[in-house]
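Here chain A shows up in two complexes: once beside chain B, once beside chain C.
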Partner chain A sequence: MINTPDVLLVLILLSVLLSIGGSRLQEFIRIMSFQGVLVSLVPFLLERHEQTSWLDIGFLLVLIAIKGGIIPFLLWFASRKVSIKRDAEPIVGYHASILTGLFIILVATFISNRMEPVSLSGHQLLLPAAFTTLAAGLFLMMARRKAITQVIGYLMMENGIYLAGSALAKQTHTQFIVEFGVLLDLLVGIMIMGIILHQISRSFDDADTMFLERLKG
Partner chain B sequence: MEGLVLLIIFLFLAPFFSTIIQKVKAFLVGKQGPPLFINYFTLAKLLAKGSVYSASTTFIFRLSPVISLAASMTALLFMPFAGAAPILSFQGDVILVFYLFGLARFFTICAALDTASPFEGMGAAREAYFAFLCEAAVFTVLVLFYRLTGSLSLTGYFTGPDVINLWRPEGALLLLVIAAMFMVLLAENSRVPVDDPATHLELTMIHEVMVLDHSGPDLAFIELGAFLKLFFYAAFIANLVLPSRPTVGFAGIASFFVAISVIYALVGVIESITARFKMGLVPKFILTSFALAFFATILVLELK
Partner chain C sequence: MLELIFIIPVFLGVITFFLPRTAGRFLLIMAGVFHLAFTASIWLKGVAPYWAPYFGIAPEGQIVLLVTSFLYLLIAAYTVSYMAEVEMHNEPVFAGCMLLFLGAMSMVAVTDHIIVLWIAIEATTLMSAPLIFLHKSKEALEATWKYVMICSVGIALALLGVFFTILAIDTSDINVPITFTDLARASGRFDPTWLKAGFIFILIGYGTKMGLAPMHTWLPDAHSEAPSPVSALLSGALLNCAFLGIYKTHGIMQAAGLGWYSGRILVVFGLISMVVAAVFIMQQDNYKRLLAYSSIENMGVIAFGTGIGGLAAFGAMLHLIHHALIKSSLFLTSGNILLGYGSKKIKETGRMPLFMPGTSISFMGGFAGISGFPPFGIFLSELMIILGALRKGAYISLGIFIISLILVFAGASKGVIRMSFGNFNGELLVGEKFMRLAPPCILLLVSAGLSIWMPDTLYQTILKAISTIGGGING
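Right, the complex of A and B next:
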């Protein structure tokens, strides 16, 4: 039958690719919400060394709520406030972005083949998916002009780190605690981003980072 | 034998399946929609008419509808339905099948250029460009399937001992392939996000503008060829989705029928909820489908 974690990982890769080629902000936010839910589900479907406790399920629900609900909502709220509709004028064009995505997955697969992690028997897709998400997030941060898209890239990078974490760590509680700390940082970061974006758009009537580079202290 | 019977049944049903798209579209906007057999009525009406040929056209213009219909029909001979063995099959027939569609497209483009109408030349240029991008996606999928089964025929993919479908261990990757093939289906058959078959402005059309000057039986052949081509791609995807069956029973055929209907209905839903892309965004769409297939291919190398 279908291997459920693999299906999730493939769907995550699909969302990565869609966001690399995407041009509309609303679409981005929906994809990030989708990806957040999938990413938080993955570690719970991997092979486990201990029984599922209520604590685990609590973590899962909180993760889904933050990654799939609160963060996308904050992003949506920020984009509404600064009234950005689309990510016009990317620094790297859409076609080149897609080709870069292909290159990223080639490199990610190569790297994860070289690493040959011991803890990953039966889940060969996990590490390539993690590296692809991470690198694609980094690429989005570099290749897009709008501040909010760069935040989305950052978010995607964090998703990749979370996947890599669940790939490399043994399935224990300590892993979730570290991830949780990172996630809270991220949440706060995005809240601050929303406020700053609002301030930027009030002072400069555009949230394009190109303009910010020309500021003089 | 059952392959032949199924082929004949589905040849007759292909226009009906296309009606499903129109019905779904009508339903989603709250209309009643055309009658269920509208496509048969259209074909019958067109076949009863005479053809009008411009004095500036050559025999290519008369030849192209016949060739495009014949190519679609020949391609369907190789397609296994519901696990039944197809009528023709040999090692490497996938190349032939997809190039048959290429041949049909070549003659449609030639006929469009033959009319010397500026609009048709524009449509021909677009069709050639987008189809060439689709080919990249299709052949990447074929490379992937070769990697999975070691076979190069549709029979080997869909009816052999090593059947490709979603339910095998590495089936998760086929989700990417299914998404890619669905995008190719939309692009190749000039469905909405790429091209709008119902539009009436030559500047925005791709496939429709190329057949503007065809009339009567010629147009009927082209329409029927288009129905069959859409059916071919739908059957391809249905074969990927359905679990394998060693024998063809009533349940197998029924589930195949349902899967095809669902795919057509999905096309209808997509046509209702999305707007047509700007021409500049179409290559991005098709490149995305290529990228999906490429993703899947690399990941299969990882798995095996």
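Right, the complex of A and C next:
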């Protein structure tokens, strides 16, 4: 029997693995767009919606537009402004990164099985996928040098938290506040980061955070 | 309508982006006057919220709001004079962001909803980032990047903590609105495991913003690279707002009977912050960084006092007020010094009483205040925290607390004495001005005055605020 949310979650896990081993920026942005669409679909497909209202559908469309469209576009725009194509010389190599990604999945699954939250009957994959996305995003922020890749890592982490939030909290408590909170944060955060990226490229001729080590102590 | 306290600054802030600079300066101060007047009316007769479950003011929020409002007005007056001396690329953006920042901080103080609080704290990060980046130097850029990245990750973890707290309600099948008041009322029936997990994540998240070690790494950079009025606002007002998030969650834990657990964690983080600050302060050659590390130490003191509870909780609240007053005064004074000597290095300053007599007095006064000399209020608050810890029998942590205080005093006094009496053979770039001298002096005088005579409403409000975390003057 095919369970649609589970298929989506597997696809999310794959997208995490793909991005963690990737180096080409265009590819990164395409994966993030794909992941954003998947992540916004998941809470909608969980069974706790007895009936879908027009408001829900409208909200879903807004979510997909932002996570899958606007944010990747902003990233693409920023990457073109700073004119970098790939993230050369990562701190952790690509193969080691993929291995780390697999290891993160193992640990996330282990932790989720230990937690056994009651509100998740029937979706064993949801929590592991959320934790994996979260941890992989954090890992990406630490393992890559380019400022823009760190922003992508942050986005991935936010996706993970969004998944965890929709997995853990019943809709009655959060209504749309959680979603709008996260979105607002994402949108404005990306804008400001984009501006900063732009400035980094102007001041350093390259958006590489390794140059950022003047302040010490 | 309680929400006007943040709606009006935000509205004015957006307008300021499109106004010429003189009008912007005028609005900067007018917003401060309005804000303080509105805060006073909230204190004196109370104002009902319009969106009732989301907003509503608690006693601790009232204290933070008053501190923020008072600081903002004085800092705005200083800023106008400061901006006349400093070349600024885009002044309307600066003034607008100051107002938006004030709005975001007021929103933190007046919200009761756990998610709205999170949104407001995130908003403070985003609104203050452009302020730090004002001078557009490479150092300022690095500081801003670190600030945005580290605080955003921290705040994201705090959101996860909020989800865990909500899960604690769901697993025990209770249906209450997720406001702090309702959560505290019903928390006895929550699942304790999830509550504990939630508290840890919230502490790590908001603790990053508050500057608790080891998550403090953004703080010395941001505070030293930001223009001085912004440093004063960051240190005096923003750190308190982040602390408010931890404090309210601690209140829920206390109501759930887990106060011992969260209190112990707060004590540990407080002590780590104090020790880390003491170590770094000893070898500091940049006076703005020295003040920033002193902020980390004082946040440690507040966390320690809150964690111990009882009389120490009263001390912590008092410490919050006086640290805000004195530290803002010190940062404003350091702005004068920076304008005068043109350098942040301690060894490139000196002979302050000769070159800048007024600044020298307020700097020395601030240093005495922050080190805990009477008549300044930090003397009282630290004494209360020590007495509270003695009553609770926490001797080992009290020992670490006192040793860190001594080390911080030793480290800071070395720098301050060098700045005041060391050699300097240059010329002063910018002289003192009354408008840049009065605000820091008023802040110091208020701190001294409050330690001699405290209004009864303030006293009662502090008592009400700390009663939620098991504190009291006799406890």
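Methods note: the second predicted complex is superposed on the first by the 207 of 217 C-alpha atoms of A that agree within 3 Å, B and C clash if a C-alpha of one lies under 4 Å from a C-alpha of the other, contacts with A are read in each partner's own complex, and residues count from 1 in each chain.
In this section, contacts are C-beta pairs under 8 Å (C-beta built on N, C-alpha and C of every residue); 3 or more make two chains touch, one makes a residue touch a chain.
Bear in mind the structure is a predicted one, so any value in this text is a computation, not a measurement.
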Dominant toucher of chain A (residue count), chain B or chain C: C
Should A:Leu215 be classified as contacting the first partner (chain B), the second (chain C), both, or neither? second
Taking the superposition as given, does A:Ala147 touch the first partner, chain B, the second, chain C, both, or neither? second
In the superposed arrangement, which partner chain does A:Leu168 touch: chain B (first), chain C (second), both, or neither? second
Classify the contacts of A:Gln199 with the two partner chains as first (chain B alone), second (chain C alone), both, or neither. second
For A:Leu14, is the partner it touches chain B (first), chain C (second), both, or none of the two (neither)? first
Identify the partner contact of A:Val182: answer first if only chain B is touched, second if only chain C is, both if each is, neither if none is. second
Mind working out whether A:Pro90 is in touch with chain B, chain C, both or neither, as first, second, both or neither? neither
Find the residues of chain A that appear in the contact set with chain B and again in the contact set with chain C. none
Contact residues on chain A for chain C in the complex? 117-119, 134, 138, 141, 147, 150, 154, 157-158, 161, 164-165, 168-170, 172-174, 177-178, 181-182, 184-185, 188-189, 192-193, 196, 199-200, 203-204, 209, 212-215, 217
Counting only contacts in the complex, chain C reaches chain A at residues 113, 115-116, 118-119, 122, 126, 129-130, 133, 136, 138-139, 141-146, 148-149, 152-153, 155-156, 159-160, 163-164, 166-167, 169-171, 175, 178, 220-221, 224-225, 280, 283-284, 289
Quick check on the complex: what are the chain B residues that touch chain A? 166-167, 169-173, 175-176, 179, 281, 283-284, 287-288, 291-292, 294-295, 298-299, 301-303
List of chain A residues in touch with chain B within their complex: 1-3, 6-7, 9-11, 13-14, 17-18, 21, 23, 94-95, 98-99, 101-102, 105-106, 109, 112-113, 124-125, 128
